[in-house]
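Report on the structure given below.
Just so it is clear, A, B, C, D, E and F label the chains in written order, and each chain counts residues from 1 on its own.
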Amino acid sequence: MNAETKARLMRVSTATLATLLYRRGLRNQFIQGVTRLSKHDENMVGPAFTLRYMPAREDRNGLEVFRDREHPQRKAIEMCPPGAVMVIDSRKDARAASAGGILISRLFQRGVVGVVTDGGFRDSAEIANIGIGAYQQRPSAPTNLTLHEAIDINVPVGCGDAPVFPGDILVGDADGVIVIPAHIADEVAEEAIEMTIFEDFVMERVAKGQSILGLYPPTDEQTLKDFEAWRQANQL
Amino acid sequence: MNAETKARLMRVSTATLATLLYRRGLRNQFIQGVTRLSKHDENMVGPAFTLRYMPAREDRNGLEVFRDREHPQRKAIEMCPPGAVMVIDSRKDARAASAGGILISRLFQRGVVGVVTDGGFRDSAEIANIGIGAYQQRPSAPTNLTLHEAIDINVPVGCGDAPVFPGDILVGDADGVIVIPAHIADEVAEEAIEMTIFEDFVMERVAKGQSILGLYPPTDEQTLKDFEAWRQANQL
Amino acid sequence: MNAETKARLMRVSTATLATLLYRRGLRNQFIQGVTRLSKHDENMVGPAFTLRYMPAREDRNGLEVFRDREHPQRKAIEMCPPGAVMVIDSRKDARAASAGGILISRLFQRGVVGVVTDGGFRDSAEIANIGIGAYQQRPSAPTNLTLHEAIDINVPVGCGDAPVFPGDILVGDADGVIVIPAHIADEVAEEAIEMTIFEDFVMERVAKGQSILGLYPPTDEQTLKDFEAWRQANQL
Amino acid sequence: MNAETKARLMRVSTATLATLLYRRGLRNQFIQGVTRLSKHDENMVGPAFTLRYMPAREDRNGLEVFRDREHPQRKAIEMCPPGAVMVIDSRKDARAASAGGILISRLFQRGVVGVVTDGGFRDSAEIANIGIGAYQQRPSAPTNLTLHEAIDINVPVGCGDAPVFPGDILVGDADGVIVIPAHIADEVAEEAIEMTIFEDFVMERVAKGQSILGLYPPTDEQTLKDFEAWRQANQL
Amino acid sequence: MNAETKARLMRVSTATLATLLYRRGLRNQFIQGVTRLSKHDENMVGPAFTLRYMPAREDRNGLEVFRDREHPQRKAIEMCPPGAVMVIDSRKDARAASAGGILISRLFQRGVVGVVTDGGFRDSAEIANIGIGAYQQRPSAPTNLTLHEAIDINVPVGCGDAPVFPGDILVGDADGVIVIPAHIADEVAEEAIEMTIFEDFVMERVAKGQSILGLYPPTDEQTLKDFEAWRQANQL
Amino acid sequence: MNAETKARLMRVSTATLATLLYRRGLRNQFIQGVTRLSKHDENMVGPAFTLRYMPAREDRNGLEVFRDREHPQRKAIEMCPPGAVMVIDSRKDARAASAGGILISRLFQRGVVGVVTDGGFRDSAEIANIGIGAYQQRPSAPTNLTLHEAIDINVPVGCGDAPVFPGDILVGDADGVIVIPAHIADEVAEEAIEMTIFEDFVMERVAKGQSILGLYPPTDEQTLKDFEAWRQANQL
């Protein structure tokens, strides 16, 4: 993805991005029901590389399947590009793990910046500290074979009821993860920076005791003047 | 599919089939959460032809998309082979329809024997009377575009938490729908007929007041003798 | 409501209406999770008269409260206008009844044409046969006082996750109930008749074996010609 | 149970009973989430005989377990007294069956009058026609061994979030099933008859166009006079 | 609210309060399904000021609506009295935000002591640190317009299945939030202090190894004597 | 339980144990939907001592019931053996507490090492710091009497959909809690240590940048050689 866009998306919130997508008629781009597991405050930003799980059939999912180097789960771990975010469609089922500490560590070593599942991770305490962005529904110890069979790599999927196409830009913060369609990522990032600067101004005013009426949104003419002055003063 | 297998599966219950799959270690082949909409008492039997839905993104799902003859939903309707059962993976989301009366009528005209969604149908009263087997979670009037985008034709999917591979044999009765892996369909059908004959015998005995102890399962030697006699008498 | 609009809405389906609302950007007008209890095939059509329930607090909801003629539930039953549909916001909680046979009979006597709750009814077998349109989540014997306190009459509410404003036009059929905003009811009804005529034509063609490609939607020029001919022939 | 109490409970509704229990401070006696499967209009009335299921562990639940005549599920079927209602605590899990057609037929042969599970039945079409009262969440083909192990016979259980003690009186109608604590069954039945007579009177008045205000509840003195007259005229 | 009552409620737990409400027959006053977002250990105590959301209809909820100074959400933020707790009835739907960092900061500036939603907040990391008590179901980035329309200010509402009347006293701690009906707040607060002192005594005894039998509840006469001695010794 | 087994289980993860149980055909031993409340990093390991709750009936659950020293909840607290883990079957209902700070403190004083409920605890902040392992669904202030009646001590139960027999070995870590059937605990613990050593080796390799292909599982012959060398070098 565009380096400038990435830099911008590192500095804005999923809330701001959600509003900009809403303005474009996109209402379902927030991945529902997942929370941040990873213990770091930086945004997670990168293009989606997807993995689709289907319900596991017992005769196809003995522990021996991982001996096959072509097994889609293991293959995906080695294929996911540096800088990407792996998105696992686990059909919102966290009763078995989507992945565990070893695989996530490998992703991190390979330069992958995040991993998102609408199911759960095993070894969650470990994963929280690896340094990779990680989002899930809840921890889950059972091996993925119990309920999930990895069936497709990098196809369009659903994750937490949001549509995710390979290459869409994912941004995660403390609220969760939002999916920006690839073709509008640059413009949305640009607008998001502008909107964030304005919201920082608003926040400062609110902290000083100003009412939100006329300020947010800036329906008072004075607000826009104040903002311009503030912006110049702060060189933003 | 094998005509003899089909004939056999028309005469057995999903309960019997579930037990035979359980005996083989397959515990998750019943499509959860769907009920029969179609008003006929015949079993629905046929190989699965699948359609995968993902969450709809608004900018990709205006009403105009159906003008494209390559739209996967419409294409699938025309591709699904006669004798097959169309299985739609709607991610268990019945808030918008998976399909409606016109499309299901077209399937019926083309010789398709059934349609199953873990979402819902619109025009449900109509569909109930078409003559095709139809299973769903609950009726749903909104167009599928509201929440679903058809994305893949005839790939492995999940439906009601059950794994469905193209070609797997689906059987539906009043209890719901069960998925028999393709490679064991013939042997399971054969065993199911045998098991059904025995259960018919048991049912007759129970109706006459016999205890189930020793009868079901037949741990009394006498039960097996009685069964053989009954079977010969009834030429089964 | 406009008599012609009512007449039109009696003849169209909620599926057709949902599509027309979708075309206008309205995606959440279908009342989710309710099914028809009443045993008649006619559409239910009328303007919404609403009743809002809140969670019951035990000290405010002894059986004696109904002795008060001003109790909002009882008052609403006597206030709901003839021709209207009473919509009860039961917060999707069917663990206690929203109303029972006596009250619903009274509504019917007063000329009310339908009653919808996203909770449940008690005396459901009786209500099914009264002659009034009735939609609910599932039957529920406990008195409404157990969990619900009627608190507001004819205010904007949610019902089955759909927004309902007093005066909005509700239409119910076998699929469920849809909410048409009051200010577009006339135009939507008119378009719905047109769309229904076209769909009847399509259905006839499909029943004769025609493919849906080019027919539905009518991207073949010939389809539109055929439709016009059919329409004239059938004087529609 | 008392024959007169039984006769009375055959003639009243679960809604009426729920109100009488509510008057006594009992708010959770309705079995939530189950619907009537059996196709007959008579009430189901009888004392509870319970069966408790726990989650199945695979190594304890091979098909061979039913060969053991002491298996609690099979034993319970043969122990449940004539006139009783078997109540199965399936932990609200309908993903596998609680019982099937053969066992339920045996119960019916033995004089058991009803069977209730907060899970589901297999062979549901058959069970609907046996003649025994049957209530469940939804049909379910998989053998109970898949998810349920019968572990206790006739202990206090929960069913659909209601407490059920052995010997409590269960009453089922089209709304569902209610649990009357054993020690108050006689008095509740007596009151229920009285209340039903009054409600029949109210229903007749409402059908003739009378307002519910002053009538239901009878806060108008005249209502009580009219009721007495009506009662005498009808010899009730 | 009464300053002494407030001081008392700052020192007791929601668990203690729940027991005192239970003693009065109030069983549903705990707001279900919300957890504390704010990072401070102090109780949140104040009278309820409510805001009711209904499902959003797209044509009424463009981003421009906030330009209207009379928009109920914005108006409520400026109206909520200092010392109060704002309670938002979001119909338990956390798929879109109930409010975000700027509005919550404004509430804090205005002296509002807490905010509770049965939906979710956006900018959750920010809100956690503002200093205001904040309780929610889970974080949610999408703007409230996506699913919620603020429709009523300071009316009786439901929040997490609990009834909340304007002026009821809300108390939040690490367990969650409980609603004390306004008219009993003073007496409940007084009893709660007494009960807390006794429980502190019990806790000390338990920490020293005493059995709970006879101690909790104090059925041993000696317990009451010990308690009196302890109380005097500690001047409580 | 065997001291060596306990020592081993203190050093392995629930994820590793889940895989070993999966290998034995046991797929449902992880307690679903509970998370760790207690703030300590040590594993919770001990044999299960169970308590079964059923839905509370109001007339049996006044606050006075705890004055009875034979009340099963209080009795269980005094009976649960040192070293054990108390497992409470709360039917996955967290709307009322399973237990509170005083009882859990008493358990801790008595040497009990953990407590697990598929419902919730009150006084959760206190319990988090007692020093005992504690797992729950979510905090819940209402007294258990509101919804739960303790009915059976040390019988087989379900907890979070997992089967738990008295004496089964429970192990909890940051992912949650797993149930090891008593008769295989020793062998599973032994294997788990071996598997953990290998996984530590794998983790070290992954951290150094090695691919998982051929390493995990060790399908490359070299991996096994490297492992043996590493193991000797580290004296494991």
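The rule we apply is simple: contacts are C-beta pairs under 8 Å (C-beta built on N, C-alpha and C of every residue); 3 or more make two chains touch, one makes a residue touch a chain.
These numbers were taken from a predicted model, which means no experiment stands behind them.
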Each chain counted as touching chain B and chain F at once | A, D
Rounded to the nearest 5 degrees, what is the angle of the rotation that puts chain A onto chain D, matching CA atoms?
-> 180
The chain whose C-alpha centroid lies farthest from that of chain B is chain E
Maximum centroid distance from chain F, chain identifier (CA atoms) | C
Selected interface, B-C versus C-E, where C-beta contact pairs are more numerous = B-C
Could the interface between the copies chain A and chain B be described as same, meaning over half of its residue numbers are common to both, or is it different?
-> same
If you line up contacts by residue number, which pair in B-C, C-E or A-B shares over half of them with B-D? Let me know.
-> B-C
Roughly how many whole angstrom separate the Cα centroids of chain A and chain C?
-> 39
Cα centroid separation, chain C vs chain D, in Å, comes to 31
Which residues of chain B are in contact with two or more other chains?
-> 27
What pattern do the touching chains form: line, ring, star, complete or other?
-> other
Pull out all the chain pairs that touch, please.
-> A-B, A-E, A-F, B-C, B-D, C-D, C-E, D-F, E-F
Please give the residue numbers of chain C that touch chain B in the complex, ascending.
-> 13-15, 17-19, 22-23, 27, 30, 32-33, 35, 41, 173-176, 178, 199, 202-203, 206-207, 209, 211-214, 216-217, 219
Residues of chain C touching chain E in the complex = 24-29, 54-59, 91, 93, 149, 151-152, 155-158, 161-163, 181
Of chain B, residues touching chain C in the complex = 63, 66-67, 69, 74, 77-78, 95, 97, 100-103, 105-106, 109, 122-125, 138-143, 145-146
